[in-house]
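This is the structure I want to talk about, given as structure tokens.
A, B, C and D are the chain letters, set down in written order, and residue numbers restart from 1 in every chain.
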Amino acid sequence: MTGTINVGLIGAGRIGQVHAESITRRTAGARIVAVADVNQAAAEQCAGRFQIGEATGDPHDLLNNPAIEAVLICSSTDTHAPLIRAAAAAGKHIFCEKPIALDLAAIDAALADVAQAGVKLQIGFNRRFDSNFRHLRHTVASGGIGAPHLVRITSRDPAPPPIAYIQVSGGIFLDMTIHDFDLARFLIDDEVTEVYATGAVLVDPAIGAAGDLDTVVVTLRYVHGALGVIDNSRQALYGYDQRAEVFGAAGAVEAQNKTPHNTTHSTADGVQRPKPHYFFLERYMDSYVAEMSAFLDAIRTDVPTPVTGADGRMATVLGLAAWRSVREKRPVAVDEIG
Amino acid sequence: MTGTINVGLIGAGRIGQVHAESITRRTAGARIVAVADVNQAAAEQCAGRFQIGEATGDPHDLLNNPAIEAVLICSSTDTHAPLIRAAAAAGKHIFCEKPIALDLAAIDAALADVAQAGVKLQIGFNRRFDSNFRHLRHTVASGGIGAPHLVRITSRDPAPPPIAYIQVSGGIFLDMTIHDFDLARFLIDDEVTEVYATGAVLVDPAIGAAGDLDTVVVTLRYVHGALGVIDNSRQALYGYDQRAEVFGAAGAVEAQNKTPHNTTHSTADGVQRPKPHYFFLERYMDSYVAEMSAFLDAIRTDVPTPVTGADGRMATVLGLAAWRSVREKRPVAVDEIG
Amino acid sequence: MTGTINVGLIGAGRIGQVHAESITRRTAGARIVAVADVNQAAAEQCAGRFQIGEATGDPHDLLNNPAIEAVLICSSTDTHAPLIRAAAAAGKHIFCEKPIALDLAAIDAALADVAQAGVKLQIGFNRRFDSNFRHLRHTVASGGIGAPHLVRITSRDPAPPPIAYIQVSGGIFLDMTIHDFDLARFLIDDEVTEVYATGAVLVDPAIGAAGDLDTVVVTLRYVHGALGVIDNSRQALYGYDQRAEVFGAAGAVEAQNKTPHNTTHSTADGVQRPKPHYFFLERYMDSYVAEMSAFLDAIRTDVPTPVTGADGRMATVLGLAAWRSVREKRPVAVDEIG
Amino acid sequence: MTGTINVGLIGAGRIGQVHAESITRRTAGARIVAVADVNQAAAEQCAGRFQIGEATGDPHDLLNNPAIEAVLICSSTDTHAPLIRAAAAAGKHIFCEKPIALDLAAIDAALADVAQAGVKLQIGFNRRFDSNFRHLRHTVASGGIGAPHLVRITSRDPAPPPIAYIQVSGGIFLDMTIHDFDLARFLIDDEVTEVYATGAVLVDPAIGAAGDLDTVVVTLRYVHGALGVIDNSRQALYGYDQRAEVFGAAGAVEAQNKTPHNTTHSTADGVQRPKPHYFFLERYMDSYVAEMSAFLDAIRTDVPTPVTGADGRMATVLGLAAWRSVREKRPVAVDEIG
């Protein structure tokens, strides 16, 4: 097909606006024709900012709109699975933010509906589209380090989210590590078989009071023998710390942080380098554009999306395995979770 | 004013398309309503690519169009000054690629017309909008290195331009070093008083046969005492090498190259880092967006543009001084040129 | 005391010669007066190389020599504890390579004898004297990163040791990770309470056949709440990979690899940086000099040595805990080991 | 020859002690048997520190000592040429600190005497033995960057020397840039044909009052077509800045500063890297050891020294050319100087 793809945006919050920016200003061949948000004012504000023709408080207005070919589900996590099912029923292609859901039954039902409807589904693991991590995967895939032996991922946020968010997010393994679980699979194109997780509350006791952890280390074992290790913190005062390394039989490839500029300032007090980008909007904007472009391409050329529902499901499985590992103080086989 | 600014694009070549991209996809509040190119087919192709309503072979069609508020002059160098004069006469704001002209009389006549018409003029020294160089200037301006003592600029292209271009470009000091001359003034906000230049033909004898140099070193002296040094090559096989340093009484600040990603690949053969961006489109796209945004802001809020006609003139003066220095094998005072 | 310290060297192998080099050529105020090795020829060769007056096949010749004030125990691991006891009985100060022994009863007996004799004992954890790791500890101790939350240590050898060595070394946790266990305690000056270890045989099946692992990840928990993670490989083709990071409430401090020079080579093929130093002799020579200097200073000024017998014991405890963790597939409390 | 080389040290100041350290503690096969300094107390102190058997106020005591095979001339610059001549007459091999002398007639007379006596002479251009600069030369010599097009050298001291020193040193081009002139020849193994120098007094007016400059830029032309540029400052507040780059037809190779450790400290305030080594003793100690070792090897194996009298002479020639260039405000051909 060669025409412009008409897209409906569900959820006008921060990440919804990121995708609106990508489609409106940074990619060709698509436009957002309607935006829905349970907060009608937010929908209208977003519509104004991106010159979107229609704003509504009800996402079903979009699903009922025959002019809309694809929807972006950027609303709160608990709405993801029901909206996927409804969108599939309406024959819309679907881009959905992670996680699909916090329980596997809901995920499985949603994925079954998608399969039955034959629509495309892409999950929002944007880091796969970051130039650093793409280069790592490419280097590994092209044999640049030999057989992978170890995957190391460091992911630290600049500041914790609100406690209210933590209370419904599924906790650190499902709202934060979930990106790293996906990246761990992506970087070496292998499946994880076992998860051992341990953690602590070191940043803010309120996080612990909400039943969550703020500092964790997760050890992975892969099908083909490699080991993996992820470390997360909800608060790195120097900014968003996003690094990864794959080490193998013939070498290693490592991704350092990206910075707003590449300068060095030397004085009697020391030699100063720029801090990492502050947070995900600064760090990953290019990856958001690229993932949206890939989604639109998958529709346009009718090929599978690059991040499937199965990928989304597995990241949740690994998050659930990590929580069980913490509770039971033992390594948990992925098979135990489902 | 709050409406959308209607822009006319003159010149549909590579740099014209860069600005079309900036306005169409990367900035808000402006649109290109017509494009002119002496090659009508090129104008039409550009119009198609960026959904521009009108394509013409004659730039005066744009100047005669009352709906157009500003023009971008991206045609060949010899047309810059006449088009500036015509645009000024037509009351259009003007963004013009460097250089304004290769001779000062033409520049002065153009700038006089601009002054008389009271329109805005911005010259395309995009590097001023690069995050590296902005950080250098900001660090210097805020006292981060004390009084400047030395400015060092390295600027090397990945490959030489066609000989046909060199024959009309004014040579390396006016087609390439001209950016560095502007940067040299910008980084420490001071004027150059003296230029000493020396050079060689080391890359391609055909460049020498065309009367040009391909490898040069230029030494500068500034009003407030600082020294400067620029080195250029028309061919760096590893990519576009764009670095600068300002050293002063209290320290130094340095801009390293930017790279497509930030990774390290270690094997028995060595430790590999990414090459610099290949050339200006990759390296400076963000700066092109920012310069265009600044031009539109200057129109919108009626403030002076950040790169004036006087800035454009001075870069040419320094280029002419460099050529005289090479010919006469001596340092040349800027006052000698005008 | 102000005179020269007379030292006896037990073990003329690679590490023994390192210490001979340190004392003979790189520190003042001490000399090696005799060297013993069960291989008499090796002792004589060493004596020749470092102009040592006496070479013997029997270490007790040194212990019986009243002119010798201190001994360096650099012989095979199984001889460490008996020689410590004999040296203590002879009233000699003792520098002993790690590990003291592979079983705690032997260690405890040796440490008891040292305590009773009142002689000094320093264990050869040289990495504590490396400028990188000293800077990390200093930064942490001076509050530069706030309360420690996470310690990360990467330690990879360029090539595995002979299988014959692995068969008697106690395996990777006691011959290799043992350095990292000590470093983990040193960097944040806190004790480990729990160890979880997992590993694989990915480098050489012969290592697995010998009952050992070649690729491991170890997770630690500390008394004051911090987490730790160590990764090891017996083979990094790009050289000796020795990095560490401490992350805390107010920031992070990280040690990168050291290299033989600090250069960058850019060509059309890429941008090449130097590989890390090949192995410990290149990487840690300065730290060997500094540890020996500290040992001699402790004797000279009669202060405790900077790496005590208790430090040596604890590193073995953590190694034993790691092995138990692997065998039992669960986190092991340090208290369980002793 | 296989015996120990007996060396006499003339000049017990800072650089004399560096060489005493190299010979006494860091190299094998030589010893200092006598030290002379016009300040007898300094000679005695040095003798005590390095356990040198004889201390004298008169360097001729060393030249008259038949047991001494080689002398190190580390006294003040004005004594270099006369002592070279006297040492040559006495048949001693000679290591002499730079510069040989400030006038060419004195140098030529000294070199003639050396040639006639057939003794070895090595000039103290230690930077040739630094691992960074050796790697640059090696990379260039082995074709790693193709034909050299540009040499860039940055050399900045942490603080200016005393004015009294400047008054007798020959000024910046002969006391400081002289090292860079030698390095410029060494890095690409080519001769300089033309020098253009410009400078300023920006650090301290007292330096200007003494007739010297404190901030200079020097442009070079080489026999085989390459260009060169050196920048110097007598005061870099962040430490000793010692960098170089060679750019050529196929790439570039660059030497960054060396640092006391290789760590990164990240906080909310920024990302801090170590400053360069403070000054030459910290930065270049290894190169001093290596140059002394090379001198002793040249004696031992009877081969030419790696830094000859002709090298020493040429560095002075280039320094004199730079001064003439500043005075006459024009490029100066090396042939004009001699």
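Just so it is clear, a contact is a pair of C-beta atoms (placed from the backbone, for glycine too) under 8 Å apart; a residue touches a chain by one contact, two chains touch by 3 or more.
These figures come from a predicted structure and were not determined experimentally.
Any chain touching chain A that also touches chain C appears here: B, D.
Ranking all chains by how far their C-alpha centres lie from the centre of chain D, first place goes to A.
Chain D has its Cα centroid 58 Å from the Cα centroid of chain A. In terms of their C-alpha centroids, the spacing between chain C and chain D amounts to 39 Å. Averaged C-alpha coordinates put the centre of chain B at 42 Å from the centre of chain D. Counting only residues that touch two or more partner chains, chain A has 236-238, 250-252, 264, 266-268, 274. Partner chain D is touched in their complex by these residues of chain C: 25-26, 28, 131-132, 134-136, 139, 144-145, 250-268, 274. By the touch rule above, chain D contacts chain A in their complex via residues 236-239, 264, 266-268, 270-275.
Only residues 146-147, 149-150, 152, 154, 156, 196, 198-200, 202-203, 215-217, 219, 221, 225-227, 229, 231, 233, 235-238, 241, 247, 249-252, 329-331 of chain D touch chain B when the two sit together in their complex.
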